[in-house]
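There are structures below to look over.
Here come two complexes built around subunit A, the first alongside subunit B, the second alongside subunit C.
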Partner chain A sequence: MTAATVAGPHQYMAEQMRWRWSEIAFWLATLLPFLVAPSYLVLANQVAITALFALSLDLILGFSGIVSLGHAAYFGVGAYAAGLASKWGWGEPLSGLLIAALAAGLLGYVTSFVIARFRHLALIMITLGLGLLLQEAANSASWLTGGFDGLQGIHTWSIFGEFHFDLYGYTAYGYSLSALFLIFLIARRLIYSPFGLALRGIRENGQRMPAIGAATREHIRTIYTIAAIIAGVAGALLAETTETVSLEVLGFQRSADVLVMLILGGTGRLYGGLIGAAVYMVARDQFSGLNPQYWYFWIGLLLIAVVMILPNGILGGLSLLARRLKVPS
Partner chain B sequence: MSENALAARGVNKSFGSLVVAADVEINLPQGVRYALIGPNGAGKTTLINLMTGMLRPDAGHIFLGDEDITALPPEQRVWRGLVRTFQINSLFPHLTALESVTLAVCERRRVARTWWRPLTAYRSEVDEAYEILSSLMLAPVSHRLTRELAYGQQRLLEIALALATRPKVLLLDEPAAGVPRDESQELFTAIAGLSRDITVLFIEHDMELVFRFASRVIVMVGGRVLVEGTPQEIASDPQVRAVYLGKATGKADHG
Partner chain C sequence: MPPVFGVLFDGLAYGMLLFLLSVGLSVTLGMMNFVNLAHCSFAMLGGYVTVTLMNAYGWPFFATLPVAFIAASLASVALERLIFRRFYNAGELEQCLLTIGVVFVSIAAAAYVYGTAIQPVQLPDYMRGSINYAGLNFAVYRIFLIGISLVITIALVFTIETTRFGAQVRAAVNNQRMARGLGINVDGLFALTFALGSGLAGLGGALAIEIVGLDPSFALTYLIYVLIVVSVGGLGSIAGSFAAAMVLGISDMAGKYYVPALGSILIYLVMMVLLMWRPSGLFGRR
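Now for the complex of A and B:
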């Protein structure tokens, strides 16, 4: 926040995309589970996967203003694509991610033509409908998906034939975290590109964009497809590291949860989904340990409290605090 | 027809029984400064909406130069040089002034699709945006968020966004709406200083500004073009006096 000093336009742009110390600290902290909490690596793996899923939602919701209540569709398609590839004899994990990316990206591209035509409430209904549609389709196609019993017989090979997926989640968390970090780097680059600026323009005032000559729908189609690909990769990571795929990957609950996590962490900040996923899932783990039957009560309380006290999510609150304390963030 | 930068031919539009444009004929020659005046509800903003593609006419055609653009979507009209501003600020609240104008420059240069190169690599786009802001005296606030700018500065940013698209024809919907009088003079001085290659049409209620900055005036009443002429002709036209100038002049309203 050094905007007070009149910097040149190029300095200003460069300053916007500079890596902050807090970012470096964040990524170093993601390595902590290996050292201090090896018994929580399985949970850490789930968090990393969900964080990637939330990052993908942030690209469309937080940066482009496209509301979705059916984002699990792409997560689920990615999970089934990787799971089926493995079941049919191809358990190589990295190419599994690629297959999932392709499948989810294709679905994302096709549906983006509908998405780009609508906004706000209509979008909520359409994405919700799409999610329900897909889950029922997967349920009825039990010859393919295993239906209610889930997809059986997935076996994920070792990474590079070196790193075997162990019971404690060392490899799983390392693998998911690497994927999260690499895709985060791509997303970060995207956000600070001319395209990223155009997306923020759509979020800020989609009606105004055509009047400055912006091909708004084309931009929306592109980012929606990219977000679908990332969601698909997240789904594939889950299928590969847990070696199961159940109908739940396509479920409404998953779409709603990821939305909640993103809002909890703070939308449009790249890290919001990551922090939201970590807070939400750790809280859920702790609450369900305390009180296995009523843990959603505490989650509900947490949500209301956060939104009331921190309307821009945890990160919004933190950046406000940083500004108050005049600490460079 | 080719000497006209923008033309409307027999344009009609109604919402139900309300006629907002009736056989509108307009010819804007290259480089002229036009004022569009008329009482509340005369259809001035509607005409801008029709010409820029925000509304589709029920009948009639819009020509940009020799090209019939009636069927083109708004952004494609912008690419061809027909650009507008809005009466009520329609900006990007959480983008800085520099980011907003850079965005418009990037869209014009067709680089807004690239997502694998950082903005810092687009130095000439950023330079151009900064130059436009400087030309409108916005350079000192270029790093401020739009929503933190003073109202008059936001009005200037509207014009900056339009200029970033390199317009051939610029339609300004009450560029000085809500701006204090002394500032609105400044704003119109900036508009008057625009390149003579740009044809300008502005809606304005302040007759003093109209007579000072327009070379020709179009008067609209009830969705129709009542009369067109030089400011002197308009001032002495009995019809115009009857429907428009006879009423309280110079008072800003929201038509």
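Now for the complex of A and C:
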């Protein structure tokens, strides 16, 4: 591939890491809602949070090949951690994110020992079981989580005592977008590092990587913990900006939805999750008049169509189109 | 606190139901490695066929069961020939997504046609009530359920172990490429097995209405139970599915009776412990 045209591994890595114009344009476009659609800032906030969650799933699914049907577990734990901290009198948002990251990261670290041992169907089942287990546990522990009624009494303080969370979502979107951008930078750095290269190796061939001396299980444990932390931060953002946490944050539906978004955008592409989340959430908002039952009819058809026609998602389709048209990207 | 035997009996009936719902998926997964998450959609179809025939056309309950079986197997073959067969060599993620898409569509279609309410069925009088024996109550319908499942299980084992068709299925599950090399028409065999398995799921769906109710979310709710049975039992193993369905059915019932605080956590715990102990299932070889 491109490796043949560059001089050495260092130059190859540097070449990969270079910022492209399309990326800069993308991030400038994320500022547009402030200017052109202030009434949609609440939705934009949801999109940014979901995009962060999808990015986290992309790290393990797209780059490391770990299929997870229970990723909402970490999102939910982060949301409950931040929500509980606020309920018990500590509503400072930034440290709330840290608390959530710690809680989700701890859970991710513990579960990663199990995750790294399995592949294929057993792995899918174990991640699914873990998600359902946590949801049932949260449902049972209603003294802590509020059970079916959700967590009440969350109040998020202003950021630095300056930026108050308003009703229109100016602060919320700015806050979530900043978090998304910073974490994206970290994820981008991670993916284009030798560690990221090793992860892609594991995705492509899980048997050959140990044979060339890569510490496969350790790598999987590391990236899984990192992904759990990011998911936890996304959950905490949701809890802080909406000031509610319901059982739904842990639900299978959330795990399935984020998977759909990621596939729709394109896996293993960093921006796939972000684009997929934006398209999915905006479409759902547009069709919100529809009964949710029927919304899933279209989602189902969309899934079938994406798998059959656009196996690499929107971004995969676009890059194919770009190559066909010989446009240098 | 309910007597041990009562719980065992209910768990057994529930386990039999899980077995009927999942055995088809186990065999097809073992044969083609095709992750068909839409399996319970066929079960749901069977359930709705029974409901429709009984409530709208006044058919007796028993007459609807074969129709449920046939409807589910026909629908599954149509889908298999049209869509699924192109994805046998695709990754498991693609297969999961494709079939979960089918599940979403089927749920929405069922909600559109029947609404989201739980569908009522009126069992014949002799199927209701219960038999009192040695101080214990045995619901007639559950006895019937256990009986019919046992008959089907024995017929299945007999078919798989002694007939030519069964030998071919075993060969294809064991080593698909080798079976092809020996001239077995694995594709045709697979379509037949797929139809049979989905038909059994349809039958299971029809029989399940009385026990667990039927609404559009059935395809997703029971999918999880079925996947647990299949992955714990081991792919392609009928005995494994049977054992796993029994263990899960009884432990779920026992958990709900004795430790209601744990609710449905127990079934997931049992699954995860079993899978961690044996990642390829109780009777799995891979």
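Note that the second predicted complex is superposed on the first by the 313 of 329 C-alpha atoms of A that agree within 3 Å, B and C clash if a C-alpha of one lies under 4 Å from a C-alpha of the other, contacts with A are read in each partner's own complex, and residues count from 1 in each chain.
FYI, contacts are C-beta pairs under 8 Å (C-beta built on N, C-alpha and C of every residue); 3 or more make two chains touch, one makes a residue touch a chain.
Worth saying up front: this structure is predicted, and the values here are computed from it rather than measured.
Touch criterion not met for A:L144: it reaches neither subunit B nor subunit C.
Of the two partner chains placed by superposition, A:L185 touches none, neither subunit B nor subunit C.
Within the superposed three-chain model, A:Y294 lies in touch with subunit C and out of touch with subunit B [touch as defined at top]. When the shared chain is aligned, subunit C comes close enough to touch A:R117, but subunit B does not.
In the superposed model, A:H219 lies in contact with subunit B only, and not with subunit C.
When the shared chain is aligned, no partner comes close enough to touch A:L32: not subunit B, not subunit C.
Subunit A makes touch with subunit B in their complex at residues 3, 6-7, 9-10, 12-14, 16-17, 189-190, 192-198, 200-201, 204-205, 207-216, 218-219, 222, 226. For subunit B in complex with subunit A, the residues that touch the partner chain are 52, 73-75, 78-79, 83-84, 86, 90-96, 98-100, 102-104, 106-108, 111-120, 122-123, 125-127, 129-130, 140, 142-144, 161-162, 164-165. In the complex of the two chains, the subunit A residues touching subunit C come out as 61, 67, 114, 117-118, 120-122, 124-126, 128-130, 132-133, 136-137, 139-140, 252, 256, 259-260, 263, 291, 293-297, 299-304, 306-308, 311. Across the interface of their complex, subunit A is touched by residues 29, 35, 83, 86-87, 92-94, 96-98, 100-109, 111-112, 116, 216, 220, 224, 227-228, 230-231, 235, 261-265, 268-269, 271-272, 275-276, 279-280 of subunit C.
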